[in-house]
């Protein structure tokens, strides 16, 4: 692994602002970003990344490889929860195992966005269709995890107790999963980008492109605050879950790199595919699980995704995965 | 002024729609909702400062009749059991207009 | 601790200034206001999610004496009749300091 | 009417984001823009449009035609409520008739802003003084409608019942109408633009001009959400009011075009004048009516203005009015 | 349903952490907090519209037992004396689940 | 004093928007900026000024003069409360005297930011290390004032009564003072700027530099609203405090100019140093005092800082101090 690239990533504004946020909580500063602002910044990032991806996508007719990549992305998002659930059941009840499995099968849009900024800085190009891949990977893990939970609960479990079936109708769950605000906004903005193309880009460029790095820094400052506030919840997680939150993303990344080799993706696309596999959701999934499996404790899954896996991916993960992809490519 | 029951409910914001649907079903004449409530209870601190909506509460206040309280409580109890939250009932006088 | 009356008022935010002026006139010792309350009542759902301020409620709480309650209710009732809203009165003990 | 221009408008980013917002509600996505953000975006649009108009206005000494146009704008805003009230009284009580009449006499700043973006895309110039015209048109309809209501209530009405007089003092009403936040911010920013001119423009350009399209798109996304949430209220409106919300704006637009012919306005100014006549207020007026005529039901006027007239104007209206103006001009 | 005491506290947001620490110390089972409350009292209007956090209140609601109320009040009173604020105690029934 | 420069400052967008805010309250317009937005804008200004200062600072190795200036800044911030306290004790009790002394010893970041915009317009350069000076000047006055209060209360005071000691532990107070959100964010962003330098600047320029003037205008609009709302509190302040809020900043400015002569600072740096001495805190200090000296009435200190000293500094102060510095320099 190229230490230079890792260090340079470490010392880039987005990552430094993330650490600044962490530090603020550690020294108990009263720094805080108002909630509506954090929501706004995240909506901005979805809209901008979607629109930019759409414009880029409009340039080239999506070929077979693109469709194959999208299919592989969805498959990965459905596969990951299966073995995660199996691993997690060693130690956890059905509800929490399913909720954490869904978290790691799904993706983190902010991790993806941070990775695009990383590629931009490194001057490595990537395809707009990867934005579509990201959006498509949000929901499947939710559905798979709920199916797993229902299946596991229908037969007398390890703990012998007959548990009630997960709540809520399937139609409700599917709507929550697939019309989730971030999925919806990313795909919608992507569509606007495809339709309006260069003309749209011309008027929106200062907003969607020039401001992007600045808003990302601001948002990562907040992510640092939020992640650090969850750090103390990790004390109750125990070694098993901590190890899970470090090892499984790395394993998923390796699996992802394997798939990108089969698909013969370019370096940029391969990195984004890998980071999607490695990332864990802390927005869409916890909310969906709260509704579908209220017995699961969000205080278990969230700190892992936010305070362990997210920092891991954006600091060491990105340069590490890139180094692996490049060394295999050569 | 008419004697009524004040029912206060604190639940996850994400469950709010279900609670309100339940109140509508019982047929209370109205309710008031304050979102962005934070709190602490058996399920730990819910500080509301997250990117996700998972750690945020809502506060619901409804003034209703004695009979309606019974129905609300009956309908609400299993839900509170599953998803947590608090429901308090007290007495009040409603200024009719 | 001293026995007082808790008066809770829910009105359109746009009418809030009038309600507070009324409380000042009666001479209550203070009040607490929570804006951004949503609700449902005879005039339908007031979801507060509008570009306009028209569908937003405010919640007012004031602790006052028995006599003041009478005056507040008398002054408030015609207003509630015109513009809608709710007023509840209950008992409480005030921790004097 | 040039179908190409209509289609192009339809497929421009602002309109597409508006539809995206509508769609989000229809598929019951949980997408929502926090209220303080929506307020911020709308304040930004007022400030930016005001400032830009002021800078433009500062270039040319306002001549007689400008003053005439402003006077005509105010006259239209006072005239429209008169016949609207008369029409609406066929079916509605005095309070609601007056409230809806005020709504249609006043203007929608966001419609105006969207029309300026439409003209920018089409490369058609317009005068900064039209921003002043917009601000001046917000308040008069409120005053006229309240006068109408008082007058109608002082004589035994159609419904025979003696109704109480509208509430509140005139001074209060006039202040609410003329120092309303949007009137105030637009005219104030216009003044700042006039005073600081090119020098001010130089420092503010990235904020007030370059970001403009992006923020407009974001705001229209929210307008789509807000309009769609009001759609279901239309069920109770009945055919009469629905027809009113479609026909009257078109009629007002025709009247507006007639006035612009008399005034001999350029194409851009004529379109803006027309769209102001055709637009209906959903910010200043409902709030003012709530205070002055609390018996009126805002749930009647708002859905018409927001969910019928606003979309009509920004999708079909703008290109239609432009086509009419251009065909007459030739 | 179990009889409990409803304790409502309004204090400066800046003092909120101290109040919650105090409730934790007494050992109440939980509490609900609504920030961004405005108000008026002996120390004048606290309109919450400042760049600073100095003029903003928070509203705290906790349901607790009779004995706990005594402890809360004892601990809170000197604080309220120094920094202002209001504490009301009333009766309610808690819907156990 | 060059009247031209004063007038030009007066007619610049930031100052005009400040007056627009004042006016809005005076004519009782319902214009208001949502609180989370005001908070966001102020966080933005801290982040941007810090980052820009850091980038600038990274260019030149900080020499002895820089360190000397920083030391002088801290010394001024500790010195000013001493004589302010002494003056204020003529009329006020210990608590309020200490609170107001801290207010005037500390600084107003927005005043500083407005002064940098003033220098930018005038084309006068300034050093990035002045941003560090600003951040370092926030906290010392708080500590000094609390020490003064404790000292004054430990001996039987002028009023003869034994007062309780100020509340809270020192460690708590020091943390509040030095890890205060604005100190923390400014110094943190400065550090990010130093570390990432030109490369960071390249990606963040549109956000931290191009938007700066626009956001500053927006924020000063809000400051105008906030200051005007405090104007009526001045009625209870009395002539003594009003005179204090005008005379003491001017005196502090003169003292500051004296120090800059000794330090031999360039014009831009000298103006910033002077404005820091003259400015009074309305964010960090009132909050810290509320916790450390709850007996002090924030309704006394805040209106002076916000509604008298702040407007004085940004309208007349800046050009006056500049004229003095330049006339001495020649």
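First chain written, first letter: the chains are A, B, C, D, E and F, and each begins at residue 1.
As a convention for this text, a contact is a pair of C-beta atoms (placed from the backbone, for glycine too) under 8 Å apart; a residue touches a chain by one contact, two chains touch by 3 or more.
This one's a predicted model, so the numbers in the text were calculated from it and none came from an experiment.
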| item | value |
| --- | --- |
| Steps needed, at fewest, to go from subunit C to subunit E via touching chains | 1 |
| Common touching chains of subunit C and subunit B | E |
| Rotation angle (°) superposing Cα atoms of subunit A on subunit F, nearest 5 | 120 |
| Copies subunit F and subunit D - interface residue numbers shared by over half, same or different | different |
| Whole-Å gap separating subunit C and subunit F, where each centre is the average of the chain's CA atoms | 39 |
| Centre-of-Cα separation between subunit B and subunit A, whole angstrom | 34 |
| Where subunit B and subunit F are represented by their mean Cα positions, the distance between them in whole Å | 45 |
| Touching two or more other chains - residues of subunit E | 34, 36, 90-91 |
| Per-residue overlap in subunit A, given as positions that touch at least 2 other chains | 32, 34-37, 39, 206, 210-211 |
| Which chain pairs touch, all of them | A-B, A-D, A-F, B-C, B-E, C-D, C-E, D-F, E-F |
| Of all residues in subunit E, those that touch subunit F in their complex | 12, 14-15, 36, 43-44, 47-55, 82-83 |
| Partner subunit E, residues of subunit C touching it in the complex | 1, 4, 6, 20, 24, 29-36, 61, 63, 90-95, 97 |
| List of subunit F residues in touch with subunit D within their complex | 11-13, 16-17, 20, 23-24, 27-37, 117, 120-121, 206, 210-211, 213-215, 217-218, 221 |
| Subunit E residues within the subunit C interface of the complex | 8, 10, 34, 36-42, 57, 59, 73, 76-78, 80-81, 86-91 |
| Residue ranges of subunit F in contact with subunit A within the complex | 34-37, 39-40, 43-44, 47, 51, 175-176, 179-181, 184-185, 188-189, 191-192, 195-196, 199-200, 203-204, 206-208, 210-211 |
